[in-house]
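Each structure below is given as C-alpha cells.
Shared chain: subunit A. Partners: subunit B in the first complex, subunit C in the second.
Presenting the complex of A and B:
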C-alpha cells in the first residue's frame, strides 16, 4: 500500500540509486564496446545464414534482422538479468532487517530499486548504442548492418509507448529476482534460470521470428516477448499501430500478474526469514 | 640451484594444493554447488538450443551443417569452461590491486601468475564443460568424423591451445589493471566475443574479422584449422592440409607473449597502499 507522503520516498530511492549508477561512466563505455563487438558477431552469423538459404525460409528480411540485433543490444541493460547486488548483500549480511523497519511498503521499495537499477544503465547504453548502429555503421561501409529508422512517425510513437510497457514489465521480473534471494541466499540458481529463459524467449539470443513456426503462438503470449520482441515489431512496423493496444494489454496484464506474484512471495519469504549475522 | 624440471614439478604440486583447497571449500556448500552446476548447464544448453533452431530453419550455414558446427562449438565451449575456471583469479585481478593484496603475492617466492591462478577454481563451470562435451558427443554421433588416433590427439591439442589463448587474454586483461587499478570490461569483447565467434567456423565471417582472430588474438586459429583437419574436409579458406596440425602452436605462443607483457606490468606496479 502506498501511504501518506505518497510517492516521495520511492522517488528519493530511485534518484539516489540513479546518481550512484551514473558514476560508472568508464564501465558503461567498456560495456558499450563489448556490445558493439557482440552485435557484429551476431549479424555476421545471420548474414551467413541468409546468404546460404532461400527466401522461402526467411520470415523477415536480413536488414530487419540487423535492426533487431541492434535494438536488442541497445536495450540489453533493461532486461531482467541479474539480481540487485545491494539486495543480495543485504540478505547475506542481515541488513535486510533494516529494510523491514522502513515506514514504506517493502514491495514498493524493492520495485523502486528495480526501476533505478534498470533505468540508469539503459539510458546510458541505449542512446549511444542506437547512434553507433544507426549513424556510424553506414559511414564505415557497413550500411546493410545498420539499425534502420522506424518507417513512420506513428511507429516511433507506438514503440515509445511499448517500450514503457516493456520497462514496467522488466522491473516486475527484476523484483521477482530480488525476492527469490530470500530463499536462495547464494542467489545464483533462480537468477541464472531467469537469465536463461529471458535470453531465449525474449528474442535476445535469436530473433523470435527465426525460431520454429510451431513455437510462435506460444512465444507471443508469454511475458518475455513483451520485453523486447513486441516493442521491436511495433518499431519496425511489423505490427500496425492499431495492434499496439493488444501489445499493451499483454504487457500490463503480465506486469500486474507478476507484481501480485512478487507481493505474495515476498510476504511468504518474510514470514520464514531468518536474519543472518549478528 | 634448482633445475628447471624440479621448478615445474614444484609449481604443479603447489597449484594442486591451491586447487584442492578451493574445491574442498566449495564442496562445503553442497546444495549451492549442485544448483550452480545445473544452472550453468541449462544456461549453456539453451544457447545451443538457439543454434539448433537456426539450423532447423535454414539447414546450413555456408555449406556447414549442424554436426560439423557442433564440433567447433564443443571445442570452444570446453576450452572456455576450463580457462574461465582456472583463470578466475586473473579475471578478478582488479580487486586484488585495488585492495593492495597484490603486495602479499609479491612477497612470496613463487610466480605471481601461478598464485593468481590458484586463488579460485570455481567448479560451477563444470556445467559448461559438461555441455561442451555433450555437444562434441553429438558431433561424433551425428557427424561423419572419421576418427583416428591422430585426430583425437589434435582435438586435445586444440583444446589445450585455446585454453592457452584464453588465459593469455586474461593475463593481458589483468596486466592493464596495473595502470587502471580496475578490471576493464573492455577485454570481455575478446574473451566472451572470441568464445561466441569460435562457435561457428571462422570461414563464415568477413575477412577483417577472420584476420583479427587468426593473427592478433589466435582463438580462431587454434579452433578453426584443427577443426577442419579433424572433420577431414578441404578448408574453404584455402589453407593447405598441414596448417591444422601446426595451428595449435599459436596458443602457447600467444600465452608466452602475454606473460612477457605481464612482467613489464609487474615492474610498473605501485601499491595502492590500502
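Presenting the complex of A and C:
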C-alpha cells in the first residue's frame, strides 16, 4: 500500500526541500555564531563548576564535558526541537488540503520533509562548528576547551554509524512534532514542550552524566539519549566499539515505535481535521 | 453511467461557541459550549463524464465541504459518495491520482521553487512517465502561456500568473476530473478570461469533467451548461441556467429611456424597480402582460427615445433564490 511505485516521490521531496534549505546560508551563519557563543558560555560555567568542586568526584572529566558540549552544539540543528515552518504555515492556511490530494502516503511524505529539515541545516553547521571547536580553539589558547578527536579510527567510524541511527530517530521525533500541529493550531504548545524535553533529556543543556544518579536509568531508557549522548559516548570511546550494536538496537527500536505512534496520530488527526477556510 | 454519484451526503461540524467579553472568555476556559453546524444536509446529485458543472451558493453554504468530500480530504458523517467507482476517502491514494484540484485561495506550488521545478516535483509525486509528462507539460505551457514564467520563483508571481501555473499543476498527471474551488477569485479581468478560456478548452477538447465553485456569475454564464445551487447544506436547484431562471421567476425587465425625465409611469402589471434620470426600469411577468402590449401602451402615453427587454441578471436570480431559503447572499 505504502511503498507502491517505490520511493521516487519521497526522494524528490527530500531533494527539493534540501535544495531550498541549503539556500538559507545567512541563517546557518547566524546559527553557527550563536552556537559558538552558547558553547563557550556553557563551558565557562562548567569550568567554574569544576574549579569550585573537587574534579575527582565528578562522573566525567572537564575536558570531556567540553567535548560533549561542542558535539551537542555541532548537532544542534539535527535535534528534533522544532516543527517544520512550512508544515505549520500549511496547517494554518489550509494548504494542507493539497498534501492530502497527493497520491502518496502522507506519513512518508512528512517523514521525507523531516529528513530534509534535519539534514540540510546540519550539513551547513556541523562541519564548520566541529572545525572551530577542534582546530581553532587550541590555536587561540583554549586547548582545554576544545572538541577532542576520537581516540581511534574505530571510534570515529562507530560514531558515524551511531549518528545515522540518531538521524533517523530525530526525523521520527520531528515528524511527531509536525503531526502535533494538527491539534494545536497555533503550533506552539506541544512543540514548545518538545523543545524543553529534547534540550534537557538529550543532554544538550546539561551533559547526561552530570544529571542525578537516580535519573540515569530513566534517561538511558528514553529515546532522547539516542539523539547524541549515545553517539558521543561511542565517539569519545566511553562505549567500546562492541557496544555499538546495543546503541543501534535502542535507536532503531525507538525509531520504529515513534513511527508507529506518528502514523496512528496522523490518521486520527486527519479524521478530525477541518481544513481551515470554508 | 455517472462518473460522480453523491447520495444523501451529511457532514456536521462542531463549533466552539464563545460568549463575548472577558467574562465569556473566562467561562470558556471552564466550560465550552458547542454548536453543531450542518454543512451538508442530505446533498445528492450525479455528474456524467465530460460535464462542466457550476456549483454556487452563499459563503458557508457547503460548497467547499462538498468539494473536499469529493476529493477525499474530508470524511462525511453519512451518505454515499462515489467517484469513478471509488469512495474517495477510503481509497484516497488511488482516488487522488486520478483527479486534479485547485483551491483558488491557496497554491499547490512550492513557494520557494521556480515554477518549472514545482512541475518536475509534481511529476515525481504523481509518478508520471517521462514522455507523457513532457507532452502534458509542454501543452500546458502553451495553452496557459507560461513560457516566460517557468524560471520565476512562485512567490514572485502575480495572482493571475500563479493561478495559471496552478491550473497547469493540477493537470500534469492527466486527471479525468478537475475540481476547481473559486479559481477566479481575486483575478483581474484579463486573467479571468484566460482562466475561463482554458477551462472551456480542456473540458471540450479533452473531455475532462469539471466541477467549478464560484461567486462570479459571469464564470457560470460563460462556462456552465449545468448549475447546482446549494444553501444551508441543501441543494436548492440543479439544472440548466434557463431552468434555474424559470424556477425562481418568470420576470423580465423593460428598460425605457424617456424624453421627459419627470414623467410618472403607472402601468398595471408592471412595477418600477429603478429610475435613473431619463432611464426607467420596469419589471413585469410576460405571461400576465405580453411585452408587445406593454410597449404599445407605454409608447402611446409617453415620448420614448429607446427601450429594451432583458432577463434579470443571474445575480438577481440567485440572490432571490438564496433569500427565499433564508440565506443572506
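Convention: the second predicted complex is superposed on the first by the 272 of 278 C-alpha atoms of A that agree within 3 Å, B and C clash if a C-alpha of one lies under 4 Å from a C-alpha of the other, contacts with A are read in each partner's own complex, and residues count from 1 in each chain.
Keep in mind that, in the parts below, a contact is a pair of C-beta atoms (placed from the backbone, for glycine too) under 8 Å apart; a residue touches a chain by one contact, two chains touch by 3 or more.
Everything quoted here is computed from the prediction, not taken from an experiment.
Trainee: Once subunit A from each complex is brought into register, does subunit C clash with subunit B or fit beside it?
Mentor: They fit side by side.
Trainee: Would you mind checking which one, subunit B or subunit C, touches more residues on subunit A?
Mentor: B
Trainee: Answer with first, second, both or neither: which of subunit B and subunit C does A:94 touch in the superposed model?
Mentor: The answer is second: A:94 touches subunit C but not subunit B.
Trainee: Go through the superposed model and pick first if A:241 touches only subunit B, second if only subunit C, both, or neither.
Mentor: In the superposed model, A:241 contacts neither subunit B nor subunit C.
Trainee: Please work out whether A:105 is in contact with subunit B alone, subunit C alone, both, or neither, and reply first, second, both or neither.
Mentor: A:105 contacts subunit C only, not subunit B.
Trainee: Of the two partner chains, subunit B (first) and subunit C (second), which one does A:253 touch, if any: first, second, both, or neither?
Mentor: Neither: A:253 stays clear of subunit B and subunit C.
Trainee: If we overlay the two complexes on their shared chain A, which of subunit B and subunit C does A:23 touch? Say first, second, both or neither.
Mentor: Second partner only.
Trainee: Check the residue A:8 against both partner chains and state whether it touches subunit B (first), subunit C (second), both, or neither.
Mentor: It touches subunit C, and subunit B stays clear.
Trainee: When the two structures are overlaid on chain A, which partner does A:210 contact: first (subunit B), second (subunit C), both, or neither?
Mentor: first
Trainee: Quick check: superposed on A, how many Å separate the nearest Cα atoms of subunit B and subunit C?
Mentor: 7
Trainee: Could you list, by residue number, the parts of subunit C that touch subunit A in their complex?
Mentor: 13, 59-60, 63-65, 68, 71-75, 92-94, 96-97, 99, 101, 103, 105-108, 110, 112-113, 117, 120-121, 124-127
Trainee: Can you tell me which positions in subunit B touch subunit A when the two form their complex?
Mentor: 29, 32, 35-36, 38-40, 42-43, 46-47, 49-50, 53-54, 56-63, 124, 182, 184-186, 188-189, 192-193, 196-197, 200, 204-206, 209
Trainee: Enumerate the contact residues on subunit A facing subunit B in the complex.
Mentor: 26-27, 30-31, 33-34, 36-38, 40-41, 44-45, 48-53, 57, 184-186, 188-189, 192-193, 195-197, 199-200, 205-206, 210-212
Trainee: Enumerate the contact residues on subunit A facing subunit C in the complex.
Mentor: Against subunit C, subunit A makes touches at 1, 4-5, 8-9, 11-13, 16, 20, 23, 93-95, 97-98, 100-105, 271, 274-275, 277-278.
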